[in-house]
Structures are given as C-alpha cells and as structure tokens.
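Heads up, the next two complexes both have chain A, just with different partners, chain B and then chain C.
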Partner chain A sequence: MINFRYRLKGTPVHALNPFAKLAWVASIFVLSLLFNHPVYLLLLFLSTLPLVITAQIWRQWVSLMKFTLYLCLAIIIINALVSSHGTHLLWQAPFQLPLVGTPAITLEAIFFGAGMCLRLLAIISAFALLTFTVHPDDIMLAMLKMKLPYKSVLAISLSTRFIPTLIEDAARISDVQRSRGLELDRGRLTQRLKSRMAIIIPLLSNSLDRTVQVAEAMEARAFGSGQKRSFYKEIALKKPDIPALIMGLIPLLLGIFIWWRGMGDYQYYPALARLGFTGLEGTLLALLILSLCLMLPLGLARKRIEVD
Partner chain B sequence: MIKIEDFTFYYSGASKPALEEINLEIGDGEFVLVTGPSGGGKSSLCRAVNGLIPHFYGGKVAGQIEVEGRDTLKHPPKELATRVGMVFQDPENQLVATDVEREIAFGLENLAFPRELIARRIEEALDTLGIAGLRHRQLYELSGGEKQKIAIASVLALHPQVLMLDEPTSELDPHSAEEVLAITKRLNDELGITIILIEHRLDRVIQHADRLIVLDGGRVVADGKTREVLSSNYPDIEAIGLGIPPVIRLTHELKSRGFNINKMPLTVEEGQIMLIQVLPKAYARLPRPEAEQNNKPVIEMEKLWHIYPEGNTALQDISLKIGEGELVAIIGRNASGKTTLVKHLNGLLKPTRGTVAVGGIDTEETTTAELARRVGFVFQNPNDHLLADTVAEEIAFSLKNLGFKNTSSRLSRTLDMFKLAEYQSQYPRSLSGGQKQRVALASVVAIQPRILILDEPTRGMEYRLKHELMDFLREYAGQGNTVILVTHDVETVAEYADRVVLLSDGEIMADGSKRQILSQAQLFSPQINRLVQAFTEYGIPDDILTVAELLEIIK
Partner chain C sequence: MRKSYFLLMLIIVVGTAALFAPQLNFSLNWGLTATLLVILAIVAFFFEFEAAAISSKEIALVAMLGTISAVARVPFAAIPNLQPCTYLIICAGYVFGPVAGFMVGAITALVSNFFLGQGPWTPYQMFAWGLAGVSAAYIRQLNLGRAGLIIFGALWGYLYGWIVNTWFWLSFIYPLTLKTFLLYQLNSLWFDTLHATGNALFLGLFGVKTIAILERFRQRFNWGLLDTTHPPRWETRQQS
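The block that comes next holds the complex of A and B.
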C-alpha cells in the first residue's frame, strides 16, 4: 500500500512556506480554469513536475495520476459520445437513440475531451503537491489565517485525521464479514451492493460511537472554553519567505493579464483551430511558465537558509 | 481533594440510576483503584468527577461533587480541565491532532496559553513520561502503547491535581499495559498527583493502589485500604464476579481451610512469603501425568511462510498439526504473528509459501466463504460483527450466507444455547458489552463449525463472563470440535487450554501441553506458577498452574 499521508521530508519543496505553496497552487488552479488552450494546459501540467520530483513524492504522485488517467479515459469517452458539435466525423452509429439522435464520434469531441483531461491533470498534480508537502495542520492554520471559523476548520482536519482509522476499520470489518460467509464479489450488482452494506453498516455505527468518544475527550481537554484560542505552531510569514509568496502570485497576475488580453483561448468546435501563437503570445506564455518554474530555485534558496 | 456527597445520576431516559447515593472523599496524593463489573458505574463516576456528567451527558442529578473546591454542577469540564485530567480507554479515540507536539498542545491552546508556556509544558510532559524521543513523530506511526502515553502527556500538560484513567490498558498488549501502569505509579510517587484508576483486571495494578473502591449497580459496595478490602470484603467481591488475582484467591482458600494468614499478599513475592508460613504443615503430592492426546488432525500447516506485500515477514516456516477435539491456545507477544497465523485457517490470508490444509482441503483452492462452513471465526470486537436490526437476524445472517435450509430450527437452538431468546427482537448494538459478545459468538456458532477460532475473546471481559465463555468452549471442544484461541490471557489458558503454541517473531518457539509450555516461559507463566518456583525444594512440582492444583497438594 502506498502511503498517502503527508510525510516530513527535508526537501527544498517542503522548506517553502505554506502560504507560498498555497499561492502557487492557487495560480495553477485558477489559470487551468481560465485557459482553454491545450498547449497552455499542457505547460501548466508540466510546470508542476520539477516540484513533484524535487519533493520526492514521485510514488504517490504516480499512483494518483494513474487513477486520474482512468478518470480521463471516462471523460474522453463520454464527451465523445454525447457531444455532437464537431464536423470531422470519425464514426457514426448505425442506429438512433431517443432524445440524443444518432450517436456520432467526431475528432473535435475527442480533442475537447483530451483538453479537459489536461486541465484535470494540471489541477490534481498541483493539489497533490500541496497535500504531500504541507503538514495538514499547517493547511488548517493557513485556512484560519484566512479568517475561516476555527470550528469548521477543526471539523475538516479531524475528518482527515480519521481517514486512516476508517480504512483500517473497513479492512477489519471486511475480514469479519467474509469469515461469516459473506461474498463480496458474487451475484448481480444489486446483490453486490447489498453485501457491501454488511461492511458499511458496522463501519458507520462504529464511526458514530467514535465521534461521541472523541467529542468527550476534547471536552475533557478544555475544548470550547470560550476564550480565544492560542496556537502553539505558527505559520508566520518570515522575511525570507516573502519572495516565494510573491513568486507564487506573479503567475496568477501574469496569467490573468494574458487571459484579459484574449489569449489562451482555443476553439475546438466546430473545427479545431490552428495551434500556433503570435510572437507576443509565445513570449508571454514563456514568461508565464518561467515564473511558475522559479518556485523551485526559491525553494532551494530557502532550504539553504534553513540549513545555515 | 474530591468530595462526593449523596451523588445520584440517571442517564436521560434511563429507569435505573447509573450512580446511586455515592459518598466518597478522595484526598490529595491518593492512588485509588476503582473496580467493578461493566455497567457497575465505574466510568460514570469518572465522568461525574470531571463534569462530563451532567454537562456532556444530560440526565437527572442529585447531590453534589466538589473538585478542588469547585462544584462540578456549576463548572463544565472545560473549567475543570486544569484540575482533573482524564485518559480514556481507546487511545485512537482521544487524539485529535496529527503529530505529538500539536496533540499535547491542544488542551493548552484551548485555554489560550501563550506559546512559550506551551512549549515548556510540552517539554516537561514528555520528560515526565520519559518519551522525549517521540516529540517529533506523527501520531499514526506510533503503537497503541505509545499513543496512550501521548494521551497521558497531553492531559498532564494541563497540570491537573487529579489524573483519572478509565481502563487505560484495555486496548494494549501486556507489555505496553505494564509500562502505562508503571507511569501512573511514578506520577503518584514522584509528583504527588492523585490517581483514580479504573480497571477490572486487578492482577497488574493491585499492588500500586493505596485504596480500593468497588462499585456495583451504581453503588459503592466496598471502599478502604486495598489489603483490608480484599480481606474483609472478599465474599462480596467474589459474588460480583470480579477477576481476583490468583495469589489472593489462593490466600482466601487457605484461610478458609484454617490456615492463619495475617497479611493479605498482593504480589507473587508476597505470596511466596505467605506460602512459607503455611508450608511446613503441608505435604506435596505430584499431580497425575496427563494422557497424551493423539487425535485425527484437521488442520495441517506445512512449512508455511507469510510475507506481507510491504515486505515484512510475518510467519516463517510454520509446520503445525491440530487435531479434532483439541483446545489450543496460541500465545506470544504483540506482532509475533498470532493473528496472521489463524487468518490462514479460513483463507483470509493465503500462504506466500507452504501449504495450509483444513479438513483435508488446501485453502489455496477454495474461498473464505466456502471455508466458513467448517471454520468459524470470532473476532475481538463484537461491534465489527453486528450489522442486523435484531439479534435473531444477526444470528441468521451467516446461516443465510451459507445457504442453510433449516435456518429457523438452528436459530432457535442457538438462541436457547446462548440465553438470547429474550433479546431476539432487540437491536444488537444497544445491548451491553457482554451480551454483544455473546451475540457475535452465537452468530458464528450457529453454523456449528468444526473449527472455532477466537481472537482475544477474553480481553476486556469480566471474570464471570470469561468463565462462562470458557466453559462453553471446553464443552464445544468436548464434542469433537477444534477450538483455537489467540490470547494474551495466560491465567485463562492455564485453566482451560489443552495445548499451547508459543509464537515469537513469526516462528513457533514452543508447542506442547500447557503444563510444559506455561511452566517454562517466564513472560507467559501464570501467577501461581511463578509463585511455586520458589518451593521446588519443598517437593512442590514446578509445573503447577492454577489455584485449584496448588490447593490439591496443600492439605
């Protein structure tokens, strides 16, 4: 089993300030949504790779990407089947369906699906970086700094804290019920769903019991005592972190500017547009990707400060 | 100082009080052991002292409790947190953060302590418990025992005068349990912290306690200095069905046979001193040698290896035959491979190398569901079993899964056998712990499996229930079935098993009659066996395991 938990590793990426990483991931996220152009999306995705490699989270990243690729396959297939805006017909069904008409697959629809997948890959890759290199409690603190209410943030952090426990519980209960003759993978779909319930019911009931116990334990440790809480760990933005934070935001500003100037858009339908750029657009795009990649040297620099 | 006056409490909707007219005064620096059967009111008493009753658990209250001068009815738990700390049973359910430092900081943060003070308190709490090495660890990496120590540290950081621990060792293996108990003793001795420890297993803790309080039915049935309570209230305690350490039971039996014993021994060492006083009047007779059993094997393991996908070797070269009608205990330290071994018997795990045959069938060639007809498996926590709306449906679940035809006759027979008929239409999860365990067992035994496996069946179980269970298993094995127990409970093994298999690091260290194995394994010897080791020169055999056996030769 691959461990999908945050692990402290002394890499330059881990050394970066959580706010800086948050800003950087937000940049990728927002820009992936703004831009339509497959080259833009591909470059956004690729620009996450140097950090993934440096952060030594390759294994988790790969298995996450494998899962995402399945998702992508589904997206491409479904989009190809339902979208009929394209003009280059690759295949047409010999039958008609009510409401939808004649299913047909067009080149444009497949490309559009692929474009969406690049978007998804870029976003998931960026978020993977965040989850695997920022301590979950730091994410929580960052959310608090952004003035989210403590109790909601705690609820989120508690639910992530109990995910591994839940997985263990599920494995144990599955053993118990299989020993009682339960067959998980036999019968029709309804039968299978029914057998899954034999695991889900005890799992949920156990979790409910657990919730009460956790609440009790928190109460006994002065939770909700009325006064304003203090925080032992602080994710202060220190002077050496400021360049990284700014560097995290620059791509966002630059990207928004590019988008505002009407670039980064791409026409999939009714026929694929040409992929080329004007000189200006190419330069701006190169600048954008460069600014995204500059996070890595800043991490290296930060790491050096830490060591000294 | 804790003062409880005429305190009565009903959980909301309950018709019987959980606590009834409790009057207690607990002074600073006392080490109080609170014991009693489950449902006797032990946990409720603790919850009342730190204000969880009535502030978290609503209900009807009468009387009052004062903790360090604060009335618990007026002050909720969060205002009492710096006076009484509470450690709960399951370490998993009381930790809220992801790493050690933040966990310990949690309570301090709630009270808005400044950062420098929090840092100092964390350091101090870790040092007090001798776990400074864990400081930078993530909680999920820690063992159960380590987590429980973190739970204690996180409570201790609030500097309470009173530390309450509600069965803190029931989820731990014996070794970690000893460590946690030793910590409570040290906190009491060195820091003068008042300790209120709830336990129903007395043998590990009784020597630490200054005072013993016994609760039953929500009332205090005995309260006083540990030795005195054990001497004068013994019949009451025994009637409740508490697990009394063998040394103390022995002393009582001897007293009732006219031996004059002044000081009630609490430990093996004290027991030996006691025994010296009475021995000259005794004579020894060797117990009869046991008949060698030579049963038809139903389980055959040949050079079994199991290596988990992560790469750790859990079992190495296990060759083992178990016959019909045998009652076998598999013992060994935590992570020695006990559970991994038995999971091979119903195909939950398949051998990495070697073979496992059950009733002549290679487990490699069949499924767990297929094996479920002949191999019943009762897991430790009944909550993992229970999924149905009624007890009857719960028991019918396996029968239906396995396609039995005569479900109703089997069902009614099982309900009778386990005295569950009166509960058959109740929701199983709302039953008491002991009853739930019975339902889980019944749902497995309903199939009448030829092989019955139980993983830690007696953990957290009271003495009386334990003996009911073991009597049943004895009888079940007597009918020609094979019963396999995975357990840490050597006292039960000493009384009931035929054969003991000792595992260590995934290998069989010893396999033989219980007498042979338990009298040689220091760490796994029952109390009475450790006691008699000093008396071999008096002619007492060194393989005596139980009180009854010893009494037989001391006439």
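The block that comes next holds the complex of A and C.
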C-alpha cells in the first residue's frame, strides 16, 4: 500500500504551524542559492539538522541523502572536468575527451564542486522537512492563502484525495485480470507493457465514470453558486503560531540584507580566496544561523501549549 | 484584463531583463530567476484554468485525469522512467485542449511528489509535464498520424529531462556554457532515453485506444474547456 511520505508524529516539529515551516524551508532554499560561500552553505545545512533529528525522520533523511550523494558526485565530476578557470593544476589528462577537450583538474574546481554539494545538501535536507512533516492539505491551504486561483487548488486537492481510491481500484482490477490469467511480470518488454495497460485502461474508463459522479456531487452541494465560497474548516492563525511565522521569515529578510551588502560571496576562481570573516560579517552570519535555529525552541513551546 | 495576461507580461519583462543582465555586467542568480519564471508560468496557467473551468465538471475531469497519471507514476517507480504518465498527459492534452493538458501535467507532478518526495524540482516537473500536455493539444492540429505521435512522445522524453535538469545545471555548475549544459544532459541521457522509449512504446501501442476512450467521453458529456481544438480526426474515425 502506498502512502503519503508525511506521517503524523507528535514531535515539536509536527506541532509547528505549517505556514511557518513553509516559510522556513523557502528561506533555506533562497539563501542557499544566494550565497556561494562554503562556510555559509555548511552552516545552512547544519542548521536543518536539529529539526530533522527532533522530527524523528532520521531514517528517511539518510536514505534521501544517499540519493543526494549520487547527484553530488555528478556535480563534482562535471565541475572538475569543465572548469578551466582555476590556477592550481592538480592533474592534466594525457588524453582528449569529446566535448570536454583535454581535462585539466584544478584545486579550485574541486573546491567549487564541494561547495555546490553543500548547497544541494542544504536544499534537499530542508525540503525533506517539508515532505515528511507538512501535510499535503496544509500545503494546499498555503497555496490558497497566497491567493492562487481557487479552482486549480481544488483540482489538486481532489486529486490528492482520490489517489488512495484509485490505488484500491488498480489493485482490484489487477486481481481481476490475474484471475483471468494475466501475468504481470512475464514476457518481453512489449508483453509487460501490454499487461500493465490491461490495468491502466480499465482504470481510465472506470475513473471517467467516477468523474461524472464527483461533478454531480459537487453540483448537488451547490458548488459555484455563491460569489464567495465558504469553508467547513477555517484555520485561524492561533496566537502561539504568530512568533513561529515571523521566525520563519526573519532569516530570509536577514539573509537578503547580508547578500545585498555583498557578503556571502566567495571567490573560487581564479584562486581560492581566504575563508576568514570580518567582525561585522561574522556577527551577521551568527545572527542568521541563530534565527534559523530558533524554530526548534518555538516548536517545543508550541508542543507544550498543545499538551496543556 | 485577465490575470494570466498580466503574468505573461511579467514573465516577458523578467525574461528579457535576465537576457540582458550579462551585457550590463549584472550578476544574476540564475537558479532563482529560472525558478521564479517557472513558478510564474505555472500560476499563469492556473489563472487560465480558473477562467476556462466554468463548472464542477471541468475541475473533476482535470483532477481525475491527473490522479490516474499520478497513480500510474507511482507503481512504475521500480522500473526507472518507464512510466505511462507522460503518455497519459499527452493523450489528455490531445483530447481536452491546452489548458486541461497543462493542468493534468501539473497535477501529476505535484500530487505524485507527495508520495515520492517534494523538492526544488517539483515546479520544473509540473512545468515540463504541463507543457507536454499543452503541446499535445497543438500537435493535434498538425494531424500527424500515429507515427508523428510516437516521435512526439519520444521527443518529450528528452525535453522533460532537459527542463528538469536545467535547474541543476543553473544552480550547481560553473561556468554556464553550452558545453557544460550538454555535458550535464549526458549525465541523465540513459534515463531520458528510457523515458523516451517508454513514451514511444505506450503511444504506439495504446495511444489510439486511449485517445478514443477520452474522445468518446468528451462527446458523450459534451464537456467544455475544449473549444480551442479542432474536432476529432483520423483516430476516432477508425473506431466509430
């Protein structure tokens, strides 16, 4: 049985307001694309870890990271092969490659690749929190709050709701077809595709009939009759959620300020720049990371309120 | 004025500005700019759907077609990229027009990623599959026949990979030249070829049948959202 990646666990991270988490993930995403300084990127990546651990999604996170490491490898190899901007030559290939020319691997290119890997790790780690701790319905609610057109969001929401039903349908159809002698994993490629389609085509006609029922059910509930629609469940922003929402956005604003002041931009080529910081930059960076990490105590506080 | 036109103008302005940024020595963040453009395009299509979907029928139809193709994506995940979802999106766009085609593609990506994992690639997948649906609606007017449809499907196998790879290329590779772009595409060539083969096989073996099923449904209920395309041609005549 296939399920959402999202699981409700009673951790402080799950107790946080979904909008706050979305803002927080968006902050990490934008900031890791804005900065290319390896220390900034490493700190951004590290600041996702406390939430990952508290949310008890460690195991899923590790399997996601294994997949990410494959991408990292590709990033390092391609950057090392193509970049000829570095000055510290490590290895000059004695042969030529098509498209690349004579590969010359420089220290700077390897460092750049490593920096970009940190960027990817930070982004993927932040999105893992989104996938595993924010319910799909909350994401759609956020889309509505961002004034996205209502009918499109409704279509997405309907679709999410129908996935389990259709998977059940597909399982039933495949049972029926198997009882008629269909062998799903036998034969050559075209034969396999044909047996898969013996499930997809009935599923298609079945669900088209269901479409009519859904539309009629919506009409019966007077869908689209009023100018302003009403909701069964209105999610009001509760008082304890407001600090979390603000804390989700502060890192973004602070980070954009730092970027606008020209910091967080590291020079990889032609030769690696020094890694040090001025006092002001160090203070601002510390503030940024602190504001990212403040999400966790807010979650703990929110959890306590929930328990009371 | 329609909001989608406003968004289209915004896309053109941002896109043109990005095009001239290197000439003006302005260092642009390409990964962010591309993501912004893609999201704006998706939202523009959403507004287009808002105007085109007159009743609950269109919403239910688009949702259901998106669900089928998302479900088709998930069980096939074991066989990399041999997924019937691109072919289903192409058939949906072919029969129900560009707006419905885009919505089915976008819903497929977003909803199936609730099961497979969301990431920065989600908007690009929504965009790529959405465009597959849109272009299928226009390819119909060329009246290419089955062979044309197969080539079209195979082409989308590669185009999809290219669109989704673009973000990775823009965000993690330096320098951004044609050479590095091609090299990055090589990285996923094997997956894209599988995807293209799958599309061609699915469209060749079941395209006509699927289009006939959808076409019959469209005629039976006289669903709106589709007046921009021509009446059915060769495929359904074969059946009926």
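As a working rule, the second predicted complex is superposed on the first by the 212 of 308 C-alpha atoms of A that agree within 3 Å, B and C clash if a C-alpha of one lies under 4 Å from a C-alpha of the other, contacts with A are read in each partner's own complex, and residues count from 1 in each chain.
We take it that a residue touches a chain if its C-beta (ideal position, glycine included) is under 8 Å from a C-beta of that chain, and two chains touch if they have at least 3 such contacts.
Predicted model, so just to flag it, every value in this text is computed and none were measured.
**Student:** Let me test your reading of the model: by the given contact rule, A:Asp137 touches which partner, first (chain B), second (chain C), both or neither?
**Tutor:** It touches chain B, and chain C stays clear.
**Student:** Which partner does A:Glu219 contact after superposing on A: first (chain B), second (chain C), both, neither?
**Tutor:** A:Glu219 sits against chain B and chain C alike.
**Student:** Under the stated touch criterion, which partner chain does A:Glu183 make contact with: chain B (first), chain C (second), both, or neither?
**Tutor:** Touch status of A:Glu183: first partner only.
**Student:** Contact-wise, after the overlay, does A:Leu49 reach chain B, chain C, both or neither (first, second, both, neither)?
**Tutor:** So A:Leu49 meets neither chain B nor chain C here.
**Student:** Which partner chains sit in contact with A:Lys228 here, chain B, chain C, both or neither? Use first/second/both/neither.
**Tutor:** After superposition on chain A, A:Lys228 lies in contact with chain B alone.
**Student:** In the overlaid three-chain picture, which partner chain does A:Asp175 touch, first (chain B) or second (chain C), both, or neither?
**Tutor:** In the superposed model, A:Asp175 contacts chain B only, not chain C.
**Student:** Which chain, chain B or chain C, ends up touching more residues of chain A in the combined arrangement?
**Tutor:** C
**Student:** Where does A:Pro202 make contact in the superposed view: on chain B (first), on chain C (second), on both, or on neither?
**Tutor:** first
**Student:** List the residues of chain A that touch chain B in one complex and chain C in the other.
**Tutor:** Residues common to the chain A contacts of chain C and of chain B are 5-6, 136, 154, 158, 197, 201, 205, 210, 214-215, 218-219, 223-224, listed in rising order.
**Student:** Touching residues of chain A toward chain C in the complex: what are they?
**Tutor:** Residues in contact with chain C: 2-6, 29-30, 33-34, 64, 71, 74-75, 78-79, 81-83, 85, 99-100, 112, 116, 119-120, 123-124, 127-128, 130-131, 136, 148-152, 154-156, 158-160, 162-163, 166-167, 170, 189-190, 193-194, 196-197, 200-201, 203-205, 207-208, 210-212, 214-215, 218-219, 223-224, 268-269.
**Student:** Taking the complex as given, what residues does chain B use to touch chain A?
**Tutor:** It comes out as residues 47, 50, 52, 55-56, 76-79, 81-82, 85-86, 88, 90, 92-94, 96-99, 101-102, 105-115, 118-119, 122, 136, 138, 140, 154-155, 158, 309-310, 343, 346, 348, 367-369, 372-373, 375-377, 379, 381, 383-387, 397-398, 401-402, 429, 443-444, 447.
**Student:** Going by the contact rule set out above, which residues of chain C touch chain A in the complex?
**Tutor:** It is residues 29, 31-32, 43, 46-47, 49-50, 53, 55-57, 59-64, 66-68, 70-72, 74-76, 82, 84, 88, 103, 107, 110-111, 113-120, 168, 171-175, 177, 179-180, 182-184, 186-187, 201-202, 205-206, 209-210, 213-214, 217, 221 of chain C that touch chain A.
**Student:** Touching residues of chain A toward chain B in the complex: what are they?
**Tutor:** Chain A reaches chain B through residues 1, 5-8, 135-137, 154, 157-158, 161, 164-165, 169, 172-173, 175-183, 197-198, 201-202, 205-206, 209-210, 213-234.
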